[in-house]
């Protein structure tokens, strides 16, 4: 228990959390601090490239695990299912319209790659290991949730428009998915040798880039929270913290059933608990323009993301350790 | 004396000075070489992040020094006072209007963080040490000079507009101040452990980024000098080299009175000698739009900055070593 | 022979080739993956800066070789001559107009710095060495080909416009030439000491940045190929693969005559074989706006560049090893 | 210099819709268009700025299309079908152009 | 397609003044505006380009605001109060808009 | 508020030609201009986007120039001499400006 608290405290005082907090504060104080859009996009490309490649190289190193395919399928299923749960919760906890509720629900089935990375850091610094292919699981969980959201709309809002042809293709070929999966595959192909070659670019400076990236996320989340004050009703706010816990339980069950390592279970919990703020919002703007973006973006980036970063991940780690006895 | 000359020569042939010179030359020759604005802003964010964090980690490591508070107060006072001196000198040496003279004076009370970094490099390569909190002193010296400038206007130009409400807030929450101070505090909190984590991002590649950044500054300064030929009268030009010397004497006195280490004294001299080209110009455009930006930007970036980089810093180092006997 | 095939396979599975392939695939699949323009420009600045500096430092280390001047002159001559050969081939192999043929020919006399870098990597990983000043040769080969192209137009198309005054100046002061040459000279001046200072920025992370840069080049080449399907007739396509082989023979002869090391010969072959996609296209848009940019850009970036990267370089290495007996 | 009457249509729309809009424009027979970046803005759906975007979902672009008057109605119909459910504005100005054969 | 008369006001102003200008516009009752980046320019205060800026002081932006004719004077008064002492230009064009209820 | 008639000329042209165009404009006696970035576009020479450029050759910019009516012809002649052989479009709109002494 003491160890757990120490870990949580450690996590709260890690540079990445503190830089996120700095961004939040700067935005609340209306500082004009901002990261140019191109730099923010560049850092996000760097992170996907590095995460994918390292995951692939780890898989090449450890060999392809028997549970790899099972994990991928489980990821897809979870990404489909979690939005249903989220939708039901939202209809109970908040007064959102069907459209807004479906849009929000879609975000929770998908994942946040930065939350995933933060969990990886915490795992590593607790001396645990995890399956390298969890990156691939993250990738397959990005998109299915979007279909769930559209299905929910079609089911509960008869007047809703049909899903546009071409949108599915667009979602699956979304830049971040292509980069993550592509780097993963290249990592698998080139293995440890490839990793050694580019480690000084993607391994050693990684934490530093992550700090700057989280500074930017703090700035964006802070501005979102400031402007969305009217929108973020208490019920919604609560949902933003309850839903990750609910999601993590699905991840826990899946991870344990699959027989993953304790670290792998934590990552599955984190993926299930996290909410998208890149791929899904973009798809929602195309497919559900009537849904209010302030709601889903603020909830995902301003509530659930910091919740997972600060409280969620250490908690998932504690639970996974307890359950797996690891 | 020989050692001093060798040091000066060494400094002149360091990569950062040479890249600044390359930028100057490219601009004079009207090459189309240019660094995209987003990249230049990104590098400046990187530098502030790295400088602040390293300063903070140094403070965490060495413990908070008794003279820290005194140094901060001294910095604020210097930043207020130096513009008065600069204003008096400008009225004597040049024919600038009250508005232009006040605007220029404001720049000299504030600081140039890149000059500060260059001085740190020179100190380190001479085997000297300096107080980690000098970064914090740099931060507190950014803004007060702006108030001095506005006060000078109000005092000497009765018709001048009042200072707009909200401007002070904007100045203090200026992005570069927030980032520098924020990173400093995070550095203090996370200490050496945090620094170890991100050192491969903010320590080892630092000098290389600095080279590229100085290339950009050379390009900008060169273009400024080329376009401002008409504006830069001999008196002004001279002021751009005399003022840093005058300023450095105030820094010397302060540093010695505070009992700083020889390295700390050099940094105090450098801060006092350097002129702002980020925070103050922005504030001046808002508060004193009638002041001609070509004058203050060219003087600060095109004359004083290279003067400090090439002649100033080695000189301040020599003087400080002589005076402190260090 | 076996060693050669292994080398070729190794090369094909290197991260940089695989990331280029990823970019190509993503573009063909119409993914929205894209690197922001500022980041792409920033990476290209980084590469020129690093290549130039390392080349200069190598020259400072090895001393100035007697054949340096001869190599530079040979480079200029090759850059002038190769477009004539290319033009003749184009008139025979394709139905291009004089204007288009001259514009394309100009690209093949000039060089691709990324192809040069890729060749350097392959050389190094085969345990060979090369002359540091080959970077300078690359720089002097950038521009002369543009004059050849304009001369070809003036010669074969009587109605063509005169070369505009000022264009030559613009070409020679092109940003990439200035940066490459400037960094080279600074590298020569500061030598190994300077290199040590900034190696963690320009040496260790270099391969990683190169991967991302090649991802971008793949994306751009892929989009170009997709859109230029109509333009890229079989004859042209063939030319894009025959011409580098022809060019490389000129490079081979020159390198051997100059008595370069086997690695140096490979680099001379690569420079002669590669086609420009930065300096020359820009000059052609100004001087020959009637020439169709889809033709020369697609050929250079979409055909010759990947050809050299995959087939060309290992082949040039094999030939050079054979011929020099190295 | 000889100039010709034309219409200049400027459509401010979310970046994610850019591809669909330009496809619709081409379908309506326009001969060309130009896309300008937008830094930020404000409207009924609130205020936003490009530097406050982690997601690529939020940005907007401005598509400018110059056409002959007789094609205006087709263009507006096509554009309207795309922007209808989406945020954004459409403005039309009278203009004159050089080189009329291009439009 | 049904269009409606409106005015299109384009204000080119220094970036540091953007916040003040948009605040003034909102104060004058505009329903929206769009901010475009500016790469460079030239005027009485000389020539400048965005890539020649170390400082954030120098850049400019262009704020476009479409409004009903009857609100034009209020807008111009508000804008003028901000740009008065500053460099920059204000131009007004007649335009037509779709979806008039938005303005 | 007092406004004055003027002409607003918008020239979309390749970036590599920007310097030549603005030089020609200054030669034609304009008092100022503003350069806007262009993200992409389409025309007779095909479709392009700024994020698909390794080379700096491909981008375009839009140069906006507000002038008094009487100077229009000089400006168009000067601009036309530059754009003639090149791709790009020129459009002219009537506008009104504040602070007429600036133009």
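Order of writing sets the labels: A, B, C, D, E and F. Residues in every chain begin at 1.
The working rule: a residue touches a chain if its C-beta (ideal position, glycine included) is under 8 Å from a C-beta of that chain, and two chains touch if they have at least 3 such contacts.
Listed by chain with UniProt protein names: A, B, C = Sodium-dependent bicarbonate transport family permease; D, E, F = Nitrogen regulatory protein P-II.
Since this is a predicted model, take the numbers as computed values, not measurements.
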Reaching chain D from chain A through chains that touch each other, fewest steps
1
Residue numbers at the chain A-chain B contact, same meaning over half shared and different meaning under half, come out as different
Per mean C-alpha coordinates, the chain lying farthest from chain C is E
At the largest C-alpha centroid distance from chain D we find chain B
A-C or D-F: which has the larger count of contacting C-beta pairs?
A-C
A CA-based fit of chain D to chain E gives a rotation angle in degrees, as a multiple of 5, equal to 120
If you average the Cα atoms of chain B and of chain E to get two centres, how far apart are those centres in Å?
34
When the C-alpha atoms of chain B and chain F are each averaged to a single point, how far apart are the two points in Å?
39
Chain C and chain E, separation of their C-alpha mean positions in angstrom:
45
Enumerate the residues of chain B that touch no fewer than two other chains.
34-39, 41-42, 175, 200, 205
For chain E, residues that touch 2 or more chains besides their own
36-37, 47, 93-94
Could you list each pair of chains that touch one another?
A-B, A-C, A-D, B-C, B-E, C-F, D-E, D-F, E-F
Going by the contact rule at the top, pick out the chain D residues touching chain F in the complex.
1, 3, 6, 8, 22, 26, 31-37, 61, 66, 93-99, 102
If we count contacts the way the header does, which residues on chain C are in touch with chain B in the complex?
36-39, 41-42, 45-46, 49, 53, 169-170, 173-176, 178-179, 182-183, 186, 189-190, 194, 197-198, 200-202, 205
Considering only the defined contacts, which chain E positions touch chain F in the complex?
12, 36-44, 47, 49, 60, 62, 73, 76-77, 80, 89-94
Per the touch rule above, chain B residues touching chain E in the complex are 34-37, 40-41, 44, 161, 175, 216-217, 219-220, 223-224, 227, 277-278, 281-282, 284-286, 289-290, 292-294, 297, 301
Sort out for me which residues of chain D touch chain A in the complex.
14, 16-17, 20, 45-47, 50-59, 85-87
